[in-house]
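One chain, chain A, appears in both complexes that follow, with chain B as partner in the first and chain C in the second.
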Partner chain A sequence: MTDRSATAAQPAPTTRTGGVRLDRVTKRFRSGAIGVDDVSLAVEPGEFVTFLGPSGSGKTTTLNTIAGFAKPSSGRIEIAGADVTALPPSKRNLGVVFQNYALFPHMTVRENIAFGLHGRGLSKAEIGARIEESLAMVRLDGLGDRTPKQISGGQQQRVALARALVYRPPVLLMDEPLGALDKALRDRMQVEISRIHREVGTTFLFVTHDQGEALGLSDRIVLFDRGRVVQVGTPAELYERPASLFAAEFLGESNVFRGELAGPGVLRFGEQTLRFTGDGPGSGSAAVVVRPERLRLVRAADASGGAASGVASGAVESAARGGAESAARGGAGVQNRVEARVVNIAYFGAFRRVTLRYADGSSGLLHDGVDAPAPIALGDAVVVGWDAEHAVVVPAPGPAEQAA
Partner chain B sequence: MDETTRPGWGLRIWAVLVAVLLVAPLLIVVPISFAEKRSFKFPPDGLSVDWYVNLFTDQRWTSAIGTSILVGVLVTLICTVLGTAAALGIHRLGGRVAALATGVLVAPMIVPGIVSAVAIYSVYLRWQLTGNLLGFLLAHTVLAIPFVIVTVTSSLSTTDPMLERAAASLGAGPWRTFVRVTLPAIAPGVGAGALFAFVTSFDEVVAASFLQSPAIRTLPIEMFVSVTNEVDPTIAAVSTVILALTTAIVLLPAFTRRRSSQKASSS
Partner chain C sequence: MNSARSRGWAVLLLLPALVVVLVFFVYPVFALSARSFLEPTPGFGQYVDLVTNETTVTILVRTLVVALLVTVVTLALAYPYAYLMSLCGPGMRTFLLFLVLLPFWSSLMARTFAWIVLLQPSGPVAGFLGLLGLDGVKLLGSQLGVTIAMTQVLLPFMVLPLFNTMSGIDRRLLSAAHSMGASRFRAFRTVYLPLSVPGVAAGSVLVFILSLGFWVTPRLIGSPQQSLVGQLIETKVGKLLDFPGAGAISVVLLVITVVLLLAVGGGVRALVPGAKTDGGRDDG
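Showing the complex of A and B:
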């Protein structure tokens, strides 16, 4: 918060060509609902930045304020160093790719692409050359005379890209551009979009609710929730060091152990003590987050004989004692151990996706690799573990606070 | 399309009966228009084209035809421009104001013709708009504009609203966006609206009968005067010509559409 107000007080430094800068942008709808809530953001020239969030989180509205389709209630927007807050969309010199492509149905592919070249002081020959060049860029050579109805969805997507890039705008905005395509095509277009981004060097702002697209494409991800930016970082930063429970649960899968903080690097989870490294909230309710691929099967419990609870309490004791003893016995060297029950196993080829239920009733996931120590079966009581450095702690409001 | 079930015989007979009931009275004017004698006898005793010759030579009929076409074309132009503009404005406005504006503009379509006509007459009398071209144009514009608004509005509602945003993002100002993107998209609605506007003006008889004077009469008024005052099969000739023209106008789009859809499905 202090950083943000300091930025607002000083005159904003001018951005280099191609950058985008949002300064405390808020969009209040006529209904009174807040679409975008005090968002400040600086996108570097040439960067590929993804706006990620669930629907209604404000990511598209933010994009619309940049494009000029929505007028911010307050705040300032700069594109390539110029204040564009009051400019209409037609004067912002942006490329926009729409979710449903919005190709002009009565024009051919070539005419669609040519539309944005009008009135830019280009000669007929230059216009023709640019069109062919951009058709080649999106690998649609020879389809220039078709109409949008005569080409496939993936090809329409490419035309939309070519149309938005042909006049070489400093910034390209894309609003869920892959949403209408099937899975295989979506994967292919992701690769294509990455390639085109490398080739043209334009700043790309990409809106999606698909975490796979965000992780695979972006230099940086801006995570939105309820109109606010909740975290900005590289895909690895967001995935490995989520700053909130929302970030941890929205991006990727996770095991969440809710409890109370009991000193630096220690969280009490029921009867157990879980250790983590790195910064976290000082006290109060919190949760330790562990990714499924960081979780290891320490010991498959004896399936034969004895009450499951007896096995479980033994595991808890050993886990509570922690440290050297268990490391010596299991040889796994993990610092944290928790007992769980296997409630589902799904085969994924490279690994098995094991759904677990923990003592507090929460469920979690484990990726059981090919080198698993012992076979496990549905209903087994098991002990899973992880290293402190692979756990992240995030603030987690208790049930009462959550309801409020 | 070939898989649709074929109607049974009962339904076919019923359909033919309805068609006969609707169309037969209209078709009776065709033989009468070729009558040899000055009578409305059906079937006529002998055949001739005298009444067609009369229609296109008698100054009374030719001037009425001329007036009707002039009024119709001008009204069509005015209604198409104003109605399209109004529909665009209403579409963009949205909400309660748009509903109110639509209600006011479309009212002449719902209010009984005689009520509009009497109201128009009483006001135009004071404004000295009776018995002249301007009066006809204004009255017919009011009566015909709802058709343009309705057809263009329905076209707009099926047009992708993102097209205008796309045009704007590509640097096109409002005018270029309208001419190159919006208008082509709503052209079918504008065309249908224009056709309806012309037909509305061309066969409007109630308001015209109040506004007419011996100096300016539209074709329906001339026909009305003729059929009430005299026995003149020229009116049957007029009716036949109008029938032929309107049939052609209605069938033309149906035929061209079928051809283009065949082309689309074959490619």
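Showing the complex of A and C:
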């Protein structure tokens, strides 16, 4: 994950275009519901920024206020240094790629791309050259005379991109552009969008609810929840140092250990003490978050933990393997250990996805290497562990507040 | 159940309607048309009479002009109405639809008699025109009165196909046009208007064809001196018992209708590639 985002974060654009600034933007709907709640944001020129969040979190509404399709109730929006808050969409000089592409069905691909070049003082020859250039950019040479209905969904997506970029807007907005494509095509288009972003150097604002897209494409991710921006950071920052339980659970998978803080770097989880590094809330209820790939199988628990005796030999082998592995990974063994029961094992090819149930009833995940000599079995009682540096602590409502 | 068998059942479902159409529509039209070619002597005699008879030609031309006028006026009234319907919320839309369909709740006869009252020299329409300085306009027994009444009667047939097409136009296409710098006017002219053409065509053809065959309204509101084709056919059949002559006029109307349908269909397909005349919805 981190490697991929690092690659995406090295754009080599020829020229960098305008940035976007949101200053305390709020959007209240006529129904009284708040779509965007006091959002401030600065997007650097040429940056690829993703608005990520569940549906109804305000990410699309925020994009719409930038595009001019929705008028903010209060706040200020700047594009390339100019205040555009009061401008209609047609005067904002933005490129917009819509969720279902919104290609004009009565026009050919070429006419669709030419639409935005109209009225920009370009000569006919220039317009023709620009169209061919953008067709080549999205690798659709030769399809200019087709209508949108005569090309595939992936090709329509490319036309939508070409159409929005052909007049060289400083900022390109994309609203869930890959949502309508199948998985394989989506992965290919992600690569394409990254390439195009590097080539044109335009600022890209990309809305998605798909964490994979957000992690793989963005320079920075803006995480939305209930109309508010809850965290802004690089994909690695968001994944490795989530600032809230919401961020941890929305982006990637987590093991969440809820408990009470008991001093700096210490959380009481039931009878146990869990250690973590880095900053966190000073006191009160909190949760330690550990990613599945950071969690390690330390050993099988004693049979007295409730495991069926029939699995004892397997459990011993797992324990041996777990010990060897932790030694191989960095010597001294893990600082935190928690008992758990294996409730599900799913084979994923590169690893086994083991679902665990902890003593407090919460469930978690562990990625178990498939080359393990004796993989753990369903129902096993095990001990899992992790290093303090791989745990993040976030504020979390305590058990009492949970029940309420 | 295999598909061949289910298709057999489907044909069975069609049968009652098919029988009705064959017995009460196709056969009479065919018989009347046949008589126009066979009586009194086989050949095109009836058609030669038709085009050489000045009165018949005048009436045909007058009918075409009235039909065209009614079509243009209903289109001008219905386009903004249907546009509003496609824009507003579901509650308002139901209300507007209700208003359009309201005339269907009363019989054509009742509405036509109502128009006789409204169009009287001392009636409200004349009064309104008087306010605009148009005193003494003859409404009853004139082409103007007939056009006004026919426009009202035929308005739903224009609104409904237009609304059907417009509600299928993706509003995001307009947002897309705006985002690319198009003004409201340009977005409407280059995106919305072309995409609404199938509805315009469907509504226009429907209203035009219905206008051609209109009989009750011109009969009651118009004057015999300015009769339309429907009245001419009625006179030939009812008073002169000239069935071959009436058949010849009917065939001419039928040919005009068919030619029009083909021309408009072809025109729409040429203008809007991939457009369907049923309203342009695409779920694909």
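We adopt the following convention: the second predicted complex is superposed on the first by the 344 of 404 C-alpha atoms of A that agree within 3 Å, B and C clash if a C-alpha of one lies under 4 Å from a C-alpha of the other, contacts with A are read in each partner's own complex, and residues count from 1 in each chain.
Definition applied: contacts are C-beta pairs under 8 Å (C-beta built on N, C-alpha and C of every residue); 3 or more make two chains touch, one makes a residue touch a chain.
Predicted model, so just to flag it, every value in this text is computed and none were measured.
In the three-chain model built by superposing on chain A, chain B clashes with chain C.
Once the two complexes are laid over each other on the shared chain, residue contacts for A:Lys183 go to neither chain B nor chain C.
Of the two partner chains placed by superposition, only chain C is touched by A:Thr147; chain B is not. Look at A:Ala67: by the touch rule set out above, it reaches both chain B and chain C.
After overlaying the two complexes on the shared chain, residue contacts for A:Phe104 are found with chain B and with chain C alike. Judged by the touch definition given at the top, the superposed model places A:Asn93 against both chain B and chain C.
In the superposed pair of complexes, A:Lys124 makes contact with neither chain B nor chain C.
Residue overlap on chain A between its contacts with chain B in one complex and with chain C in the other: 67-69, 88-96, 98, 100, 102-106, 115-116, 118-120, 163-164, 167.
The residues of chain B lying in touch with chain A in their complex are 160, 162-163, 165-173, 176-177, 180-181, 184-185, 267. By the touch criterion given at the top, residues 67-69, 88-96, 98, 100, 102-106, 115-116, 118-120, 147, 149, 163-164, 167 of chain A touch chain C in their complex. Across the complex, chain A meets chain B through its residues 67-69, 88-96, 98-100, 102-106, 115-116, 118-120, 150, 163-164, 167.
For chain C in complex with chain A, the touching residues are 170, 172-173, 175-184, 186, 190-191, 194-195, 271-275, 282, 284.
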